[in-house]
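Okay, here's the structure, questions in a sec.
The letters A, B, C and D name the chains in turn, as written, and every chain counts its residues from 1.
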Amino acid sequence: MTRIAFIGLGIMGSPMAVHLQQGGHQVTGHNLDPSRTQPLVDAGAAAPTIADAVDGAEVVAVMVPDSPDVQDVLLGEHGVFAHAKPGTLVIDFSSIRPDVTVDLAKAAQHKGIRLLDAPVSGGEAGALNGALSIMVGGSEADFAEACPIFDLVGRTVVHVGSNGAGQTVKAANQLIVAANIEALAEAVVFLEAYDVDLTAALDVLGGGLAGSAVLEQKRGNMTSGDFTPGFRIDLHHKDLGIVTSAAREAGVVVPLGGALAQLMAAARANGDGDLDHSALLRGVRRLSGRSLG
Amino acid sequence: MTRIAFIGLGIMGSPMAVHLQQGGHQVTGHNLDPSRTQPLVDAGAAAPTIADAVDGAEVVAVMVPDSPDVQDVLLGEHGVFAHAKPGTLVIDFSSIRPDVTVDLAKAAQHKGIRLLDAPVSGGEAGALNGALSIMVGGSEADFAEACPIFDLVGRTVVHVGSNGAGQTVKAANQLIVAANIEALAEAVVFLEAYDVDLTAALDVLGGGLAGSAVLEQKRGNMTSGDFTPGFRIDLHHKDLGIVTSAAREAGVVVPLGGALAQLMAAARANGDGDLDHSALLRGVRRLSGRSLG
Amino acid sequence: MTRIAFIGLGIMGSPMAVHLQQGGHQVTGHNLDPSRTQPLVDAGAAAPTIADAVDGAEVVAVMVPDSPDVQDVLLGEHGVFAHAKPGTLVIDFSSIRPDVTVDLAKAAQHKGIRLLDAPVSGGEAGALNGALSIMVGGSEADFAEACPIFDLVGRTVVHVGSNGAGQTVKAANQLIVAANIEALAEAVVFLEAYDVDLTAALDVLGGGLAGSAVLEQKRGNMTSGDFTPGFRIDLHHKDLGIVTSAAREAGVVVPLGGALAQLMAAARANGDGDLDHSALLRGVRRLSGRSLG
Amino acid sequence: MTRIAFIGLGIMGSPMAVHLQQGGHQVTGHNLDPSRTQPLVDAGAAAPTIADAVDGAEVVAVMVPDSPDVQDVLLGEHGVFAHAKPGTLVIDFSSIRPDVTVDLAKAAQHKGIRLLDAPVSGGEAGALNGALSIMVGGSEADFAEACPIFDLVGRTVVHVGSNGAGQTVKAANQLIVAANIEALAEAVVFLEAYDVDLTAALDVLGGGLAGSAVLEQKRGNMTSGDFTPGFRIDLHHKDLGIVTSAAREAGVVVPLGGALAQLMAAARANGDGDLDHSALLRGVRRLSGRSLG
């Protein structure tokens, strides 16, 4: 039994915290917006402040939207680093800029606190089913210590390098996923334009070298036009910003990444930010002067 | 038992013809370059001319590289349409321009000949194992008649529409595959630049929404630097030309397709035309000023 | 005084033919659509068929929209090559594919006919004012002979190489112009979004290294929203098709050219084909979810 | 006569400071790297610290490379805002992020200091000849007051809006210039591939709608292969980072801007950072597998 503070009880964090509690740990949740905290309150524990949540915790889990959120939660005057005891293990499940993670890890070290970056893939379904993919950056020892916790929320858990490496792999993940969605979207509009039997076509595409998790999981959204998220355009937009700036920082040229960042920005600018990222299909339709269906 | 002429006994056509023969059919092969014909000669039958091959055939299978090749084989003075008897079923396994297929189907109809476009996906391995994906355009009746033949060489066989539809789906296939390879290549160079554990990273990427047949089948080429084809850059370059011109023809805007056509052209212009298409990785390395490894 | 047949009396061809006549030449016009022929009829001469127009002509000028049109006019059963006498000098002012021009030049040679490709830049205003830029491909001798004619319709007349070279330079021209328009359009929407004084901004941009003929001539369209052509999106779309396919043919990688071809196609697909090419601005606004103004 | 402190005596700042002095002002220069300060020392005045330079100054001019440099110079412990007297007018000639300028203007206001952002275009030649284009953001009154100073270093001086607007226009300038250079580079390699007479072609291109300041000023670099800057790839790379992030911030989609940022990054990654930005030509040659000449 580990005492765990869980900061950020949103769509992802909430079910993850429940899994940790059901796994036998003593979980104290905290959320900036208290309206989300109900599930954990019902399940037994929630704290009104980060200080209260962190008090006595051996592990602090964080799952918030973006780099500035994590910075606030960890570095803020009333934040985790101000209240956690030395030796605490902070697991940041958020998807943020690798360079911010590196800086946070240095700040943690100054306080005698340990940090793992552990962004996840798999969406709400993965969180609900404890079936996330988790890409972990940090020390081997901290990773080993955290594995029992990761195993309660994830199915594929991989240690990919030192601090920041988890975020880097997550960025790569988001690049590949965006390319897959956009390519599928262009293919779908192309096939529609030629009056091909779309269901048959997607079947045969899925069975060969064009097959992918995206084709399998997102074809339904594209053929039905139901873009309930899933994973929102707004968040993928944020992630492609991370991809292009991190690539730029490292001197890596990503022509597809650059193009995808513009296309995702166009989706957002056209009001699709709250739709599932498979709504890139709507962007291809717009460019092609076609009905959004 | 069907009498089948098989025109085009290259890397793909040769094993396909053998499968048809082993399936109990009487196969007469023909190849423009006679050096390739040996396997079928050994197996029992090869013809010196298209006229000889087609003589008495109920089905004529064609597997040649590009649109002009199919036009020569079918429309040429000594070609299939000049010698095949009315009612013959021509199955064109080649990957060519959809509009050329449509024209060929019209020309066939004038001769009382039936045509199916049946481009395949799966590469040399798929041809050797009789495990190709086959996307078929043409009439329902002709498709039904050809199914026993398709089943000898393919695993996923789908009728996707009228003549040309098979080629359209193949073009969509090649767009998606190119996007997958390029995105993976950009991700790999990005991960290398950040000194991430590449094997671990590809494992976790493959387990989530970034997973794909390309990641599974091509990661070995990318990590080893062995780009023995497989499917050659030169052919994928031809296919992306088909994608962009067919999209243009239909008024479909394909920003990723357009970018990929340039990147594939760059690979070719840099002398990688005979390498596997996963060698797009070398292009990302060149753009990023990195050693080709 | 030279006897000149002028085939193609559209927006461009009509004033050009008048200039030639006013220059002292005997001009016989012909237009496929006879409704356009009135100006020349009024001015004194028009012929009902190509054969009639070409009869007795020393020079045949052609100004039609696209490659197939020129092929019809020159190679058709009732076309120029069938009726012109050996030694005739054909000047093709149309903007078409360089490889088509090369083929036409060969066909001309077989007939003992001489061909210059002489595409123009400068639009309707240039044609009206006899102030076109003319990029000429063909032999030095033929160019020298044609110069007095070119000087009646053009201000900048340059011999750039052998047959096809004129078309190649025109393609390069269209690539640069498209890039200039799109970059200006992106800049305008960017400046609008930041509430910058657009008139002042364009003034200062025009005075420095960002200055260009496009900025000078097209800023009015962009700030007023009046996209009366000028030069139509549909024609520039055709030209970017020539650019990308000619570049592809030559193994030249044109990332900007590829992107521009998609953006111009999007303009067309959204119904802007008949607007001036400066209407690329509308595409940037659409992508950015902004009012078309 | 105004007492002016000039911070940043590099390739641009040094001749600008001399122009101000020759215009009758009392100029005290300062440079972080003292080796550059010699011209002003010779001319009469240079200060060892910002504090000394600013002491008694009515105007503080700043010309340093990037956003963090300006932040250091203005906000640093020993910086301008710490030592300038209330009422001082700070003119920032540097090209930096518009949002940083906006923040700096707010910080200035807290100190009772006035700020104009006044980035320039025209390069070393413009600075030497007092012929820069200057795009100014800030209050009307401050602009009016600064005009006599601007007129000593600039030829086109335009007030484009409130603080940040100058930087926004400069970003737009850099977008357009990059597009012009890359398009010209693609055109040049395209023309070379077709063995067109390049000099003749550039003449005719320059005379029509493809004409631009870039074509005029940079064609020499491209045809000679001499890429002595001028304006360095590294700085243009920085500027395109500003363009893409500022566009992203404002929800403006810039497909060309995104592509250009990748191409400029590729130039830099291939070791061309210290060359003139016209060396984008080398990138097109690399992509096309051609000799760098």
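Here is the rule we go by: a residue touches a chain if its C-beta (ideal position, glycine included) is under 8 Å from a C-beta of that chain, and two chains touch if they have at least 3 such contacts.
Because the structure is predicted, anything quoted here is derived from the model rather than measured.
K.L.:
Looking at the contacts, which chains touch subunit C and subunit D alike?
P.N.:
Looking at subunit D and subunit C together, the chains touching each of them are A, B.
K.L.:
Report the chain whose CA-based centre is farthest from the CA-based centre of subunit B.
P.N.:
The most distant chain relative to subunit B turns out to be D.
K.L.:
Weigh B-C against B-D on C-beta contact pairs and write down the one with more.
P.N.:
B-C
K.L.:
Roughly how far is subunit A from subunit B, centre to centre by C-alpha average, rounded to an integer in Å?
P.N.:
37
K.L.:
In whole angstrom, how far does the Cα centroid of subunit B sit from the Cα centroid of subunit D?
P.N.:
That pair's centroid distance is 52 Å.
K.L.:
CA centre of subunit B versus CA centre of subunit C: separation in Å?
P.N.:
About 39 Å separates the centre of subunit B from that of subunit C.
K.L.:
Could you list the positions in subunit C whose residues touch two or more of the other chains?
P.N.:
251-255, 259, 262, 266, 269, 287-289 - these are the residues of subunit C that touch more than one other chain.
K.L.:
Which part of subunit D faces subunit C closely enough to touch in the complex?
P.N.:
98, 121-123, 126, 133-135, 155-161, 164-165, 168-169, 171-173, 175-180, 182-184, 186-187, 189-191, 193-197, 200-201, 203-205, 207-215, 217, 243, 246-247, 250-257, 259-260, 263, 284, 287-289
K.L.:
Which bits of subunit C are touching subunit B when the two form their complex?
P.N.:
It comes out as residues 241, 244-245, 248, 251-255, 258-259, 261-262, 265-266, 268-269.
K.L.:
Within the complex, which stretch of subunit B touches subunit D?
P.N.:
Spelled out, the residues of subunit B in touch with subunit D are 255, 259, 262, 266, 269-271, 286-290.
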